[in-house]
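The two complexes that follow have chain A in common; it is paired with chain B in the first and with chain C in the second.
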Partner chain A sequence: MLRPFAYLKPASLKEALGVLSSHPGAVPLAGGTDLLVDIRSGKARPSLVVDLKGIPALAGIQVEDQLVSMGALVTVTDVLDSPVLDQRFAALQDAARVFGCQEICHRATLGGNLAHASPGSEYGTALAVFDARVELAGPDGVRILPLAEFLVEAGKNALQAGEILTRILIPQPPQGSRSAYRRGSRVRGMDLASFCCAVLVENPREVDRRRVRVAVGAMNPVPTRLAAVEGLLSGQPWNDELMARMQAEISRGLNPRAGSLRATPAYKRDCIGVLCRRALEDLCASGES
Partner chain B sequence: MRGTTVPPPCVLEAIPQSTPGPTGLVAVGQNVRRKDAVDKVTGQGQFVADLGFPGALHARIVRSPHPSARIVRIDTAAALRVEGVRSVVTGRQCQDLRIGICIVDQPPLAVDRVRFVGEPVAGVIAATPEAALGGAEALVVEYEPLPAVLDVEEAWKEGAALVHPDLGSYACLPSFCPQPGTNRFHHYKLRKGNPQVGFEASSLVVEHHYEVPHISHAQLEPHGAVARWGHDGTLTVWCSAQSPFLVRSMLAGVFCVPHGKVRVVVPYVGGGFGGKSDVTIEPLVAVLARAVVGRPVRLILTREEMFYGSVLGRGMKGWMKTGVDAQGYLQAVQARLLFNCGAYGEYAINIVVGGGHNCTGPYQIPHIETDSYAVYTNLPFVGAFRGYGHPEGHWMTERQLDLIARRLELDPVELRRRNLLGPGKENALGQIMAAHNGRPDACLDRVVQLLDWKGSDARGGKPPAALAQPASSPAPRRARGKGVAAFMKSPVMSTNAASSAYLRFNDDGTVTLTVGGVDIGQGSLTVLAQIAAEALKLPPEAVLVSSATDTQYGPHDWQTVASRTTWAGGNAVLIAARNAIGQLEAIAAEAWGVPADQVEYVAGGVRRTGQPQDFIPLVKLVLGYTHPDGHTVGSPVMAYGSFVPRGLTYPDRETGRGNCAAEWTFGCQGAEVEVDLETGEIRVLSMVTAIDAGTIINPQLARGQIVGAMAQGLGAVLSEQIVYDTQGRIRNPNLTDYKLPTPEDFQDTRFEASFVETPQPDGPYGARPLAEHAIVCVAPAVANALYNAVGVDAFSLPLTHDRVLAALKGGGEIA
Partner chain C sequence: MQHQIRITVNGEEHRLTVPSHRTLLEFLREDLGLTGVKEGCGNGECGACTVLLDGVPVRSCLILALEAGNCKVETIEGLARGGLLHPLQEAFIEAGAVQCGFCTPGFIMAGKALLDRSPRPTPAQVYQAFGGHLCRCTGYETILRAMELAADKGA
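Presenting the complex of A and B:
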């Protein structure tokens, strides 16, 4: 059961920012798939819920020359159905396919998923390999942060009081790039990722110019790009030996927390490299490498 | 009504009679569409939470945060000040009330002491659910923590902290034996032959420890109840329950009210699986409603509350020792089963008995000694769960058999074949099997066929090292294996477990049946209609079974448990139908002025024997026959039927033996799995069941039961378990982290159900119970397949990815 709260649905960003700044107990609502669960359990007790879904500026996927700009209210279904996201963005659609049931995919938004700052966040991990940035609007104007600075720690983002996450900005990956997202989970259907990884490969067909980006989720308090693994895999021919090295080294520096109901730290360390290798293999198998 | 629409033709004329099949049966054996299909698919079906009650008040339960504590003080003042709160009820207001029949050990609200995290301490009644929640949050309860015991082995030992120090003072039925001063509230002993002799005759003895965790039924529909006390002392309860008459009996007993003044109404039920049998939240809601006489009080559990506010399932630590001779014939079994029953005993005490009865499986074994203990712990209490003690015992037996087959270098199928029960053989209880009890051997053969099991499969169980390939070829990433397991299940029920049915003809010759059993999703509305239709030579469409069960209007039924509704309820329906036929024949005979033995009931009416032109259609008989001059003979046809199994006795206290199972259902299950060697994930490629369930009344519904049981069983094998923290709190009381299997897990799984149909002489048209059975051996079949694939031996559940991978990487055991 939901505890009582007041509800407002402003029609503009300005109005929403005004309301949020003037009500200390107010929280913004996007898809609500996390917030409503928290209200129901008593973990969140807002006096005012500000529904952002009436704000046009927070919607839609826009493709520009250098940038793909995704509104914070873009839903998981929108990502899956988008005609403008080509093969390069496959990781975002991979994540959408395992995100949850249809109802959740229709409601849940990318902005909400990022703002919730879960260590195993699907889009925190998938967007990390795109070097995504986030646009935050507040009473004092707009600021743009790299994703890694937005995700501060488990359950904590960089939003300040009265600020709203408005858009996600993705630099266009080089033409021909390929990406993938994979997760480990306890069941194949509705589940949260026990651990996950995203990969993006630039110039997959040219070994010398091949650049690999790798991010993992639920291995650290926040999704993490793995520079050492990227260095290891970039510009090298992929063979069993290299993959074995990658698998041996990938979990160095990663500190999955103990006590998770989803997987033990040892299991995550054993399997994250397998997941990553399989993601890369799948990219090869699809004929592009 | 206006217009010239022609009224629809009578259903009896509109529906052509089917021709009998090879068995001579017409309605029985057909895939008649579910009677509740349209209601449920369109959302028209009404469940407890859908019912509207003008003036209803809402309850919220305040629950214990401690596994064991003394209640020092409850201050209700702040809660009562919350706007909308009407009343707060605590154990003080019902301190003399206790729930229980087998063992009377549970107060509806904790009195002075709490025994598990989640135990109801107070109920807040308010005008709205929000106000009730506000009141619950404002209630002040002060506790003084006491020592708690969570592990069943610890609890079982002498000297453990006592969950019930007053155990010796509790009333209980004479067939149970609580041990005061311990946490053992029942000890079921089964003694047959002399195990010492059996082990001496054995050339191989295998023993091992086993474990099954607590699991949740996770029914789609949460438990709910609405209770209203009348100013005239009547009590009406609408609830989601499998056992309306038991609920009535229990409530009447708890409140010392005549049974006739208690009315229990059960609308559609969204899943039971045992978790809505006996009583659940009804006494609690009735206690709350007593504080606001005249007003209905409504409590629908939240999804989270279902985990600690109703009952859990399973939870057993066991040990088994099996002796076998050099030819592979079982000689002796010794077993100890410690059931972790949680803080109260009423709901689990008979599981302990059922588990003890049949833990040795469907085999002839000359020497048996099993000790099955019901043990209190400071955890949420356990109740019936599909399988009722049998999955726990078979988990041990069917793993033991594979361990033995491996040591004897014998095909596990062949080992089972040599030992299976069959006609003339004696089961553990000392009952001699007859031919009509069924063909476990035929079930085994079917599974061999369905799994394409070859003798060579038996050599499986490659140890992980053997999977390594020559260095030149890439390491394999997956391995496949097959496993089998055989089961028997008999119901554990009261020796006078009755079912009954009212049957009345409507004016148009159609039939309305009222029964005391509940369709909890298993399809009894449809199956019972088919049985009546068969007996009355009517199309199944012409028989309607009332979908709500109401103790005020419906006839008595013990409980919708033990897979007994088709069997026992079907017998009652059959008796009622025969009774109705007798009435119809008597009316026709009187109309013709001939003796009753010169008329016969046929499809659509009654005719004079040998004179086919003399025929009276049903519509002219069902309200009595009216002659052309207007005078009437006979009167409306109303029939009843009731059934009680005959000859059942309580088990002997010392040997545990006796005629304590009314029937058996035998079966065999098989699994083929593929194991991901890098992640430990088990994919189930095939899951098959062959079952001798006697005559199948509705093949589609029967298959639904079998496949549903296998899927539910696979959840408990692969991903489901209740996880506790060190304080006895459930860490995953939600569907986020209590992992039910999903359609995606089974989208590539081949499920097969195969029926061997040895008729049951005392079953309706030869039917035998089948609803729970296909869950019994899912776990050992999968675990045997796991070993066959990768050489990992599992002794506890579930077989999660991380546990399998850890065993693959070292040890080779899931302990």
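Presenting the complex of A and C:
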């Protein structure tokens, strides 16, 4: 039996925000795959659960001219099955494939995954290479934050009282870009990442115009873009020597905490460089000298 | 807080009053007496509580009963018709895929959802469908064989 709480299912964003700002013990419910676990463990003790699933403004993947807008309630399965996400967004679908078992993927949402702010979250890491922003709505209106500012600390996001994450905004990557998400975990199926990375390469086959974005997760308290590595690789031919330097640079620059259940700091540091290198080389496989 | 819920379970409509904090798992077992659905871990990790919600396999321990309002739920009890087992149930028995039986309803519901979508699933698809289901008895081989048998039976 869960500790008792009340339940409401608003039909509009306005109604939901009204309830959330007027009830201090209210929490939003999306897929429930984190919240119900937290309620059961006692980590969350809401007096009121506000089910967001009746709010149309939070649903759907919309492709506009410059932007892809994903509702906070888009599920992991929605991402995997989406006909509108082309190959540039492969990292988001890679993440969906390893997110967890299918039953979890059918309910878990992108908004919930981001809001939970786990250091190795699939979508915190994958969306980092898309320069994603998040739209937050609250009693004082709407504001938009870069994802890196939304993910504040391990387990902590930038939502203020009465705010919810409504949409994830992804600037369209250039045509011909390719992306990937990779992770190491103890088992396939149901595990969090021991270490993970996302990469996005613009113009993968044209050395001069090639631009690289790299993010790592489960290495720092929040998913992190690696600017030094991006600078090293962009516009350069990728030979063994450069890639080895990149690997060393990644491993040197990260200092994961001790005490993680899943992997020791040394193991993470050793593996993350290999993982990034493989992800990048796979993306440019037809490529390079 | 008590709410009226209208929910269809195994083809039968129910209208009941439930508290907000009742999970779908508790509702099915305790309010409807459908004890084929099991609580293995209570955290969505083991698969024993799997039921179909509008045809989609889900973890009933992580869903509130109220979230399933106006939905169609299918549990293991709904598979057999008029005393005749569903071909998937027959296949599990023939393949020796049932030992203690605790994980079996969850596996069968997930297996049914897969076969409904892909009548001849590849091994990779079966693995993916069962990735979040734990069995401590069988070692999984007989379960995989049961799925092949079920596909052959046109389950």
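Quick note on the criterion: the second predicted complex is superposed on the first by the 282 of 289 C-alpha atoms of A that agree within 3 Å, B and C clash if a C-alpha of one lies under 4 Å from a C-alpha of the other, contacts with A are read in each partner's own complex, and residues count from 1 in each chain.
Please note the rule applied: a residue touches a chain if its C-beta (ideal position, glycine included) is under 8 Å from a C-beta of that chain, and two chains touch if they have at least 3 such contacts.
All values derive from a computational prediction rather than experimental measurement.
Trainee: Under the stated touch criterion, which partner chain does A:L261 make contact with: chain B (first), chain C (second), both, or neither?
Mentor: The answer is first: A:L261 touches chain B but not chain C.
Trainee: Does chain B (first) or chain C (second) touch A:A248, or do both, or does neither?
Mentor: neither
Trainee: In the superposed arrangement, which partner chain does A:V49 touch: chain B (first), chain C (second), both, or neither?
Mentor: The answer is second: A:V49 touches chain C but not chain B.
Trainee: Which partner chains sit in contact with A:G32 here, chain B, chain C, both or neither? Use first/second/both/neither.
Mentor: A:G32: touches chain C, not chain B.
Trainee: So, A:A161: does it touch chain B (first), chain C (second), both, or neither?
Mentor: So A:A161 meets neither chain B nor chain C here.
Trainee: Using the touch definition from the top, say if A:P4 reaches chain B (first), chain C (second), both or neither.
Mentor: After superposition on chain A, A:P4 lies in contact with both partners, chain B and chain C.
Trainee: Would you sort A:I104 into first (chain B), second (chain C), both or neither based on which partner it touches?
Mentor: Only chain C is touched by A:I104; chain B is not.
Trainee: Going by the contact rule set out at the top, does A:A285 touch chain B (first), chain C (second), both, or neither?
Mentor: A:A285: touches no partner chain.
Trainee: Once the complexes are superposed, what residues of chain A are shared between the chain B interface and the chain C interface?
Mentor: Common to the two interfaces on chain A: residues 1, 3-4, 188-190.
Trainee: In the complex, go through chain B and note every residue touching chain A.
Mentor: 129-130, 133, 302, 304, 474, 678-680, 718-719, 723, 731-732, 735-737, 739-745, 800-802, 805-806, 809
Trainee: Which part of chain A faces chain C closely enough to touch in the complex?
Mentor: Residue positions touching the partner: 1-7, 9, 29, 32-33, 36-37, 40, 49, 51, 53, 100-104, 106-107, 188-190.
Trainee: What residues of chain A sit close enough to touch chain B in their complex?
Mentor: Chain A reaches chain B through residues 1, 3-4, 41, 184, 186-192, 240, 261-264, 266-267, 270-271, 274.
Trainee: Help me check something: in the complex, which residues belonging to chain C touch chain A?
Mentor: Residues in contact with chain A: 1, 3, 19-23, 26, 42-45, 47, 50, 56-59, 61-64, 66-67, 110, 128-129, 131-133.
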